[in-house]
Each structure stands twice: as structure tokens, then as C-alpha cells.
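Just below sit the structures, each encoded as C-alpha cells.
Both of the next two complexes hold chain A, though its partner changes from chain B to chain C.
Our next item is the complex of A and B:
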């Protein structure tokens, strides 16, 4: 298995790709982030639209519901930069998951993140769904009730909880929600298995890893946990992602 | 005990007074009025590079640095603070084992 090094940033949004990605990647690399993941989100509401459209125009080719992963070129001067692909699934019911898992594009992603938007989806994520990262939408309050038991269930299965700091810089409502969620993780699960990622949309939002560690303290983590959040836990996510992938392949053949 | 921070500001040229004022506003924005009253000093300011050495007490260091991280806008335009080095000893800002060339 390939080794992953340096600091981790698992949430570089796909908006950055069209918008001067080279510059952003270089900045991240200079700061010491040697493993980054490009995030692509699929939203349930958008999928439903495509289904209804499909019914109207039956003969039109049915596209894959999962977009194909963005293939980022190796950037000059940062050869050691490892770029992964991450898929975030935002969902309210589990029906959509089955369709997504069957898609051939699904297996091309290194990391899968779940973003449940309802109590039912949250239960499903905790018990059945093989995700690597558990994330949330910073612009709204969570629609589900966190329980200590379910938190530990996710921890046992090696799922990591994501906190992003990019939206917290942009907007004060998002900042409020992010800090509230971070403190919720603190009170329910003693902030175990937390990763901090950027969620950046432009280069002004990139922050130094040491700033991020310091920010971790404000999110209710201890000194060690804050450091783990961008270093060791990031490595664990990668390992978890690749072992799940291998297991799926092994099952297929 | 004091911490000394070597920071620079990425946006536009500003004077030392405006620089300090913006730091105070950023703290106020994140932690409110009471936290905005924490004592800190701009020890040295270089307007050509918009780079400064700031000192803050140990008790307020985490909040202070946190609000620098979360500062995103200056007069409606995106901005950022880059923290180059932090040390409890002013002399170590000059050089340390990380920058030492053998």
C-alpha cells in the first residue's frame, strides 16, 4: 500500500478545480499539506429531478448518477502532492444509496463521505453504510438527534467526523453552526475520531496547519486530538478508505 | 508570560493603527466585546511588507490566534493573516532550528 505523508486536507471543493487549481494546490503544498482530496458532492434533491426528467424523455440515455471523479494533473514543483478523490453523498432516505453503490463510478473514489439530512438517514449511516467520513452541512442545523451510543458505533467502525473551517471564515451563521456541531461531538463522544478539513472555495481561505491545530482547541479538542485531527486521523481515513475498497473488490471477484 | 507572533496581512497596504484596529474588530467579531478588550501590543510594524510582530499574554493566545485565523474580510474584500512564527522568546523569531542551515 502506498504511504501517505504530511498534513491532510480532505475537502478541497470541486469549484476550485475550474478556478485556478494549480495556484491553490501549490499554496497547500507549501503550507505542508501533502495529501489532499478533491470533493464532489451529490445531492439527493438534484437526483430526483433527473429521475423525473428521465421519465418524461424515456429514450434519452440514462446517465450515471455518480459523476466521474476529476482527474487532477500532477503539478510542477509539487511532485509529492498526493491528490485523492472524495465523494460526499447528501441524503434523506436510504433508497438512493443502493442506486449510488451500484454505479460503476462509485468505486473510482478513494474516500466516501456521508452527509445525512434526516433521522432515518443518520440511523442508516450509523448501522449499515460503509462510509469513511461523517460530515454535515454547515449552513443548516442538524436534523437528527445525536446519541452517545450511535457516536461510539461509528467510532468502532472507523468512521471519522469531519469539521471544516473554510465556511467558518466566510460566514458567521456557518461559523455558529460549525462551532455548535464541534461542541456537540465533544459532549457526545469526547471528540474522538475528528478530522479537520478546509472546505475551501478560494485561495484566501487556506490556513497554515498550525493555525488549524490552534483552531482545533476552539472546537473543543485537546492538544493531542487537535494535532491528530489533521495528521494521524487523516492517515487512518486513507487506510480505512482503501481497505473498504479492497474488500469490495475481493467480494466481486 | 508573553507570546510573540510574527504575522503578515494579505489584502492591501494599511497603516499600523488600522492594522491593530482590524485585529481588534476580528476578535470582537468572533468572541464579542469582552474578549476584544484583551491586551496586546504591536511591537514592530513594517508597512512595506505589512508584517508585524505582535505580543499577547499566554492566557489569551489561543483566542487571539483563533480570531486571526477566522478573520476573512477587510472592508468587504477577502483578506488573510499569515502567522510566520510564534515564540515565547522574541529572539527566536530571528531564527530557529527549522531555518538553521548546516
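Our next item is the complex of A and C:
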């Protein structure tokens, strides 16, 4: 397996790709982030509309239910930069998951993130769904109730909990929600398996890894956890992502 | 329910050690000997109109160092190389463009140890014996130490052959090297010739020298009681910060500590390169003799080590949490000296 090094940033939103990705990638690389993931989100609400439009369309839609991953070009001067693709699935019911998993594009992603929006979806993520990252929507409060047992269940299965710092800089409501969620992770699971990612939409929000480590203290992490959150845990996510993928492929063929 | 700390955060840990003594005993040279890989040297000379040529020249002449790109580490355990350079004279080397907290780093110390600081994956695939790093509880980093000067370390011995064989599998690195020959009649560039003959890309690097003069500067009086404030002032002066105070529009201002004296000219000299402790020793000797010749209130010398070197003070393991500080300030006056060492905290982070 290829080794991954440097600091990790698993959440560079796909909005960045269209506007000046080269600049952002270069900036991240100079700061020491040598593994980054471009995040694409699929939202359940958008998919449901397409289903209701008619049976004829459904066949075509099924092919494109998961967007194909963005193929980022290698940027000059950043030879060591590793760019991964991450798919975030935001869902309230588990019905949609089966359709997504069957999609051929699904397997092209390196990292899969789950963003449950209801208690049922949360339960499903904890027990059945093979995700690498557990994330949340910073603009709303979580609709589910965290439990210690479920938190540990996710930890045991190697899922990492994501906290993004980009939205926390942008907006005060998001900041409140992010800090509240981070503290919730601290109370329920002693902040185990936390990763901190950027979630940036533009280059102004990029921060130096050492600033992020300091910021980690505010999220309820200890000194060691804060460094792990952008370093060692990031490596674990990559390992988890690639082995799960291999396992799925092996099962299929 | 347990809740995290949200208000009362501690300042980052750091260690500061202050030592005082008399110049005659020459104890201040001991400190210099403890830090082997030095990156930046700066000198502040108060009340000086003309800087003597020999101070500027000390770290400029014969202080060239070499940058060798893409060297396999097996070249460094080559027995010819060890016999010709590591055994004779003083050889130091370190890898550059690698972060000690993310990547694999190496360095060679003057006592002939090749030290590698490796990530878990590299260590496990390398297959040489090492010890887990002190700073990582989760055993994410390992330090491998190879004694190049050991009597058993020669071709034909199992350990040597295996070490060489395994080092061959490591990634190639870019190194800085500095060699001080045992005799004056040997040219220090021989080491560059050696690598050049092996068809490596060798570049000669000259230390970068800067000199600056500041006029009408308030300089605090140097006494042993206000050391922290004095060192702070030196730092502010070296960075050309605003020493004037005043200005209410700013969030924070700085004022020269009392009591102070105003000098017409204060000189600031700075060298940036790769210096061995012997070269710094020479500079300190020159500074002491300069202090004896001319009446100066004091002279200060600041030395900063590399932040991504495997070993810091006293050949103890170095690390980088959010800073990789290691350095010292020596302030001399006609009789006494004061050494102000600062280093990374030795705490292992949990």
C-alpha cells in the first residue's frame, strides 16, 4: 500500500475546484498538508426529486446517482501532494444507501463520509454502513441523540469523527454548532478518533497546521489528540478507506 | 458529565535555562559544544562605529557547506567514506526539506552516530533495530541509531552488510554537510570532491551575511537581575520591531525596559548557514578578545539550531510539536557572561 505523509486535510469542497484550485492546493501544500481530499456531497433531497419525475427517466438517473469523482490534475511544484476523492452522503433514511452503493461511480471514491440527518439514519450509520468518516452539517443542530455506546461502536469499527474549522471561521451560527458538536464528542467519547479538516470554500480560510493544533484545544482535544487529529488519525482514515474498498472489490469479484 | 476546558488554556510548554559565570573559567564554551547543528547566528554590538573585519570574516571564511541532492543513505555507511571523513576531522550532516513530525529525517553527529528518525511505516519496512520515540505515546515514530565509528562496523561483518543493505531501500534524501578537516593543509572541499566523483549533484553554499546599523537606540542596561527582559529586548531589536512604544492605536506596544542608556549606533550582524559548534567557538573567542580590546558595555551572541534535526541539546532527541526551538543567547561583559538557553519541552504529549 502506498504510504501517505504530511498533514491531512480531508475536506476541500468541490466548489474550490472551479475557482482557482491550483492556488488553494499550492497553499495547502506549502503549509505542509501533503494529503488532501476533494469533497463531493450528495444530498438525499435532490435525488428524491429525480425519482418522482417518472419511471422512464429513472433508468438514466440510476446511472448518475453518484457524480463521477473530480479528477484533479497534478500541480506543478507539488509533486508529493496526494489528492484523494471523498464522497459525503447526507441522508435521512437508509433506502437511498443501497442505490448509492450499487452505483459504479461509488467505488471510484477513496473516502466515504456519512452525514446522517435523522435518528434512524444515525442508527444505521453506527451499525451497518461502512463509512470512513462521520460528519455533520454545521448549519443545523444534530437531529439525533448521541449515545456513548454508539460512539464506541463507531470507534471500534475505525470510523473517524470530523470537525471542520473553515465554517467556524466564516459564520457565528456554524461556529456555535461546531463547538457544541465537538464538545459533545468530548463528553460522549472522550474525543476519540477525531479528525480536523478544513471544509474551506476559498483560500482565505486555510490555516497553518500548527494553528489548527492550537484550535483543537478549543474543540476539547488534549495536546496529543489535537496533533493526532490532523496527522495520525488522518493516516488511519486513509488505511481504513483503502482496505474497505479492497474488501468490497474482493467480495464482488 | 465531563466537559472540556473552554477558558483556561495553558501556555505552550517550553524550557528556559539561565546560567551565569565568569569568563575566565571558560564555562560558556561548554554550552556551545552541546548544540551541534547551528543554523542562524546573530551578534549585537552596542555603541560601535566600525565593526572589526575579523568578526565579520569569522563565519564567512572557510564556512562553506555543501548541499547534496538525492543521496541514498547507504553511501554514508560506505567504509571509504567513514575512514576518510567521519573518523578524521569533524563531520556533521542533516537532511533538509523533511519535517521531523511528518517525514523521515536523518543526521550525523560529530561523535560519529548516524541517527534516523522514522515514521512507523518506514521503520517497520526498514528492518533495522531502533527505539520508540520518547515524544509519541502511540509509537508512531522510531529512532534508529547507527554507530559509524564502532570497531565492528566494517565490511564482512554481518551487522555492517545488513545495515548497508537495508539503508539501500530507504528513500533518497537531500543533505547538508559540513566537514572540518583534521589538519589545516587539507582542503574542506575534499568531501564535496568525494561526492562529486560519485556523480552526485553537489552544490556549494555560502553563509548568508547581513549587517545592519540602527541609530539612536535606547538600550537597557545589562544586569543579572533583568535577564528575561533583556533577552526580550534583544529579540525585539534583532527582528527590527518597533521599540518606540507610544502609539495608542495599537493593541499592544513595547517599551524599552528601564533603566536604559541611549547609544548613537548599534550594529547587528547575522549569518545564516550550517555551522558546526567549533565555528561558533571561534566566533565567541573573537568576540571575547574584541571585548577586551575595546570598552563595550556588553556583546550578545544568539545561536539558533535547526528545527527539523533529529537531536537537539546534548544529543537528546528533538521533536516538533508546534515549535522546534533550540537555541541560546550568550551575553558577555568584560568579566561575566550569561547563557540563556531555550529548548523544546521534554513532555510527551498524550
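Keep in mind that, in the parts below, the second predicted complex is superposed on the first by the 243 of 253 C-alpha atoms of A that agree within 3 Å, B and C clash if a C-alpha of one lies under 4 Å from a C-alpha of the other, contacts with A are read in each partner's own complex, and residues count from 1 in each chain.
The rule we apply is simple: a residue touches a chain if its C-beta (ideal position, glycine included) is under 8 Å from a C-beta of that chain, and two chains touch if they have at least 3 such contacts.
Here the structure is a predicted model, which is why all the values come from computation and not from measurement.
**Q** Between chain C and chain B, which one touches more residues of chain A when both complexes sit on the common chain A?
**A** C
**Q** Looking at the overlay, does A:214 come into contact with chain B only (first), chain C only (second), both, or neither?
**A** A:214: touches chain B and chain C.
**Q** Let me test your reading of the model: by the given contact rule, A:98 touches which partner, first (chain B), second (chain C), both or neither?
**A** Touch status of A:98: no partner.
**Q** Return first, second, both or neither, reflecting whether A:18 touches chain B, chain C, both chains, or no partner chain.
**A** Touch status of A:18: no partner.
**Q** Under the stated touch criterion, which partner chain does A:227 make contact with: chain B (first), chain C (second), both, or neither?
**A** The answer is second: A:227 touches chain C but not chain B.
**Q** Given the touch rule stated above, what does A:187 touch, chain B (first), chain C (second), both, or neither?
**A** second
**Q** Per the contact definition in the header, classify A:6: touching chain B only (first), chain C only (second), both, or neither.
**A** In the superposed model, A:6 contacts chain C only, not chain B.
**Q** Considering only the contact definition stated at the top, list the common interface residues of chain A for chain B and chain C.
**A** 210, 214, 217-218
**Q** If we count contacts the way the header does, which residues on chain A are in touch with chain B in the complex?
**A** Checking each residue of chain A against chain B gives 165, 168-170, 172, 175, 202, 204-208, 210-212, 214-215, 217-218.
**Q** Can you name the residues of chain B that touch chain A in the complex?
**A** Residues 10, 29-30, 62-63, 65-66, 68-72, 78-80, 82-83, 86.
**Q** Please give the residue numbers of chain C that touch chain A in the complex, ascending.
**A** Its residues touching chain A are 1-6, 9, 99, 101-103, 119, 121-122, 137-138, 140, 321-323, 349-350.
**Q** Which residues of chain A touch chain C in their complex?
**A** Counting only chain A, the residues touching chain C are 3, 5-7, 32, 34, 182-183, 186-187, 190-191, 210, 213-214, 217-225, 227-228, 231-232.
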